[in-house]
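Two complexes are shown next, each including chain A; its partner changes from chain B in the first to chain C in the second.
Up next, the complex of A and B:
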C-alpha cells in the first residue's frame, strides 16, 4: 500500500516534471518542425491536385496533417515561449497565449478540416480533395493572420 | 445637348485600364484576404495587374493628351496654383495626379512583393525561386503591410470623387465611363493605333516576365526508384 502510494506520487511528480521540462527552445523547435512538415504535406497534395493525381500519395500526406492536427500541439505553447529561438526566432504573437477561446475555435476548425481532408483523401475523389484542401488552407491562414507575426 | 459641347478627355484605352484595374484590385483584396483555394486566383489576377500597370506606364508616355504623365505631373508650382484656385484645365488636377501616382506606386510595390511572396501554406509567387526564402518572407510582410496603404488610398480616391460630386457639383465618374466632358477645351489627341500596339506588346511582355514562364524548368523530379519506398 505504502509502496503503491509512493509509486503514484513518484509518477505524478515525474509527469509534472516531464511537462515542466519541455524547454522553451525545444517547444519552439518542435512546433516549427510540425508546421514545416505540414507545409511539406500541403505542397504534396497540391502537386497531386494540380498534376496527375496519385491517391496513395495524397492519403499519406493527408494522414500526416491529420496526425499532427490531432497531436495536441497546444502543449508546445508553453508559457514563456512567446519569445525565443527554435530553429529560427519564433514568430508567434503573444495574443496566442491570452486569447484562449478564440484560439481554441481556430484550432478546432483546423482539426476538423484536417480530419475531413483525411476522410475524403481515402475515397480518392480528386474534386472533393481539392475542396477540403482549400478549406484546410483557409484554417491555416486564419491562424497565421491573427497569431503569427507578419 | 449638343455634341459640339463634348470634349474628349479620357481615351478608350485609359478608361478600359481604369475599370479593369478597379475590378482587379477588388478581386485581389478579396482573394488575398480569403485565401484557401482562392489564392491561386490571387496569383492569376496579380499577373493581369502586371500587364495593366506596364500598359499604363507606357500609355502615360504614348497615350493621348490627358493620359500623359507630362500633362498632369504634379509639380510644386502646379499644386500651389491649384490650391490658390488658379488651376484651369481638363483631366487630372494636380491633387488628383498625386493620387494617381501614389496608387500606381503602391500597386507596383504590391505587385513586385507579391511576385516573390509565399503564404507558407500552399502558394508562392511565380518569381519566388529567384530570391531566397528569407527575402520572400520579408517581401510577404511588406506585401501584407503595403496593402493597408493601398486601401487607405482607395478610400481617399473614392472620398475625393464623392466630394467633387456633392460639393463641387462635378461628376468625375461619367467622363471615366463615356470619355467626354461637357464644355469646351482642348480635346485629347494622340495615342493612335501604333502607340496602342506598342503599349499592348510591352504589357504582354510584362505578364510573361511576371509569370516566371521563362525561368529554367526545375530539374525533373528524380524517378521514383531513386528514393526509398518508405
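Up next, the complex of A and C:
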C-alpha cells in the first residue's frame, strides 16, 4: 500500500516535470512573441506621447508590458536555446546565458521601469508617462546592445 | 494668427493619425505574437493544474492573459488584414471581419473568462483555477473553430 502511494506520487511528480519542460523551439517562439507583444505596446505608447494622448489606451499598453515583464520570462531561456528557431532564428547572444550578474541587473532595471510606467500610466500624467517610457526604452536598448545580434 | 493655430492643430492631428495607423504586416505579426504569448501562459497554467500547483506561477501567467485580453486587440484587425503575413501567413477567416455581433459576443466572453481566471488565480484556489481555465479555453476554441483556418 505504501509502495503504491509512493509510485502514485512519483508518477505525479514526473508528469509535472514533463509538463513544465519547455521545448527549445517553443521557448524561442514564446520569447519572440512576448517581446513583439511588448513592442506593439511600446509603439502604442509612443504614438500617444508623440500624438494625441489617450489615457485608456496607454494604460492598456502599459499593463501588457508590466504583466509580461513580471511573468518570469527567464524560464524561456532554457539551456541550449542560444541557438535555434522559433518564428525565426533567435538573435540572442550566448553571453546572455553566462553573464549572470549583468543580465540580472538589466532584467531588474527593466522590471522596475515597467512597473513604474504602469504606475504613472494609471494617473494619466502624459509627461510622467513620457519620462517613464524613455527610461523603459533605455533598459530594452541596453539588453539589445549587449545581448542581441543585429 | 488664427490660421496658423488651425494649421498647427491640423498638423498635430495628422501626426497622431499617422502614428496610430498600423501596417498590415505589423498588425498580423502583433496579433500572432499576442496569441502565442497567451498560448505560453495557457501552457504554464495547464502544467500547474495538471501537475504540481505553484500559486505564483499561475498568477503571473493569468495576469499576462488578462492584460492582453483587455489590451484592445481589435485594433489589430485593420481593414485588409484578412490576408497577409506577419511571422507567417495569417490564418484568420474573412468572416471575422464581417460577423460583428457574433465576434463581439465571443470577444466579450473571452474577456470575462480572462478576468475571472486572473481573479481566482490570485486566491490560489487550484480547483477554481482549473474551472476558470477550462472556461477560458472554451472561448479560445469557439473563435478558432469559426474564425481560424486549420
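Everything that follows uses one rule, which is that the second predicted complex is superposed on the first by the 132 of 150 C-alpha atoms of A that agree within 3 Å, B and C clash if a C-alpha of one lies under 4 Å from a C-alpha of the other, contacts with A are read in each partner's own complex, and residues count from 1 in each chain.
Criterion: a contact is a pair of C-beta atoms (placed from the backbone, for glycine too) under 8 Å apart; a residue touches a chain by one contact, two chains touch by 3 or more.
All values reported here derive from a predicted model rather than from experimental measurement.
S.K.: Scan A:46 for contacts with chain B and chain C and give back first, second, both or neither.
M.R.: Once the two structures are laid over each other on A, A:46 reaches both partners.
S.K.: Should A:71 be classified as contacting the first partner (chain B), the second (chain C), both, or neither?
M.R.: second
S.K.: Once chain A of both complexes is superposed, is A:29 in touch with chain B (first), chain C (second), both, or neither?
M.R.: second
S.K.: Once the shared chain is lined up, is A:96 touching chain B (first), chain C (second), both, or neither of them?
M.R.: neither
S.K.: Quick one: is A:117 in contact with chain B, with chain C, with both, or with neither? Answer first, second, both or neither.
M.R.: neither
S.K.: Have a look at where A:150 lands relative to chain B and chain C in the superposition and call it first, second, both or neither.
M.R.: first
S.K.: Between chain B and chain C, pick out the one touching the greater number of residues of chain A.
M.R.: Tallying touched residues of chain A, the top partner is C.
S.K.: Given the touch rule stated above, what does A:140 touch, chain B (first), chain C (second), both, or neither?
M.R.: The answer is first: A:140 touches chain B but not chain C.
S.K.: Examine A:37 and indicate which partner it touches, taking first as chain B and second as chain C; both and neither are also allowed.
M.R.: A:37 contacts chain C only, not chain B.
S.K.: List the residues of chain A that touch chain B in one complex and chain C in the other.
M.R.: The answer is residues 39, 43, 46 of chain A.
S.K.: Which part of chain C faces chain A closely enough to touch in the complex?
M.R.: The contact residues of chain C facing chain A are 12-13, 15-20, 26, 29-30, 32-34, 36-37, 39-41, 43, 46-47, 50-52, 57, 60-61, 63-64, 66-68, 70-72, 76, 87-88.
S.K.: Show me the residue ranges of chain A that touch chain B in the complex, using the header's touch definition.
M.R.: 35, 39, 42-43, 45-46, 130-131, 133-135, 137-138, 140-142, 144, 150
S.K.: Which of the residues in chain B end up touching chain A in this complex?
M.R.: So the residues of chain B touching chain A come out as 34-39, 119-122, 140-141, 144-145.
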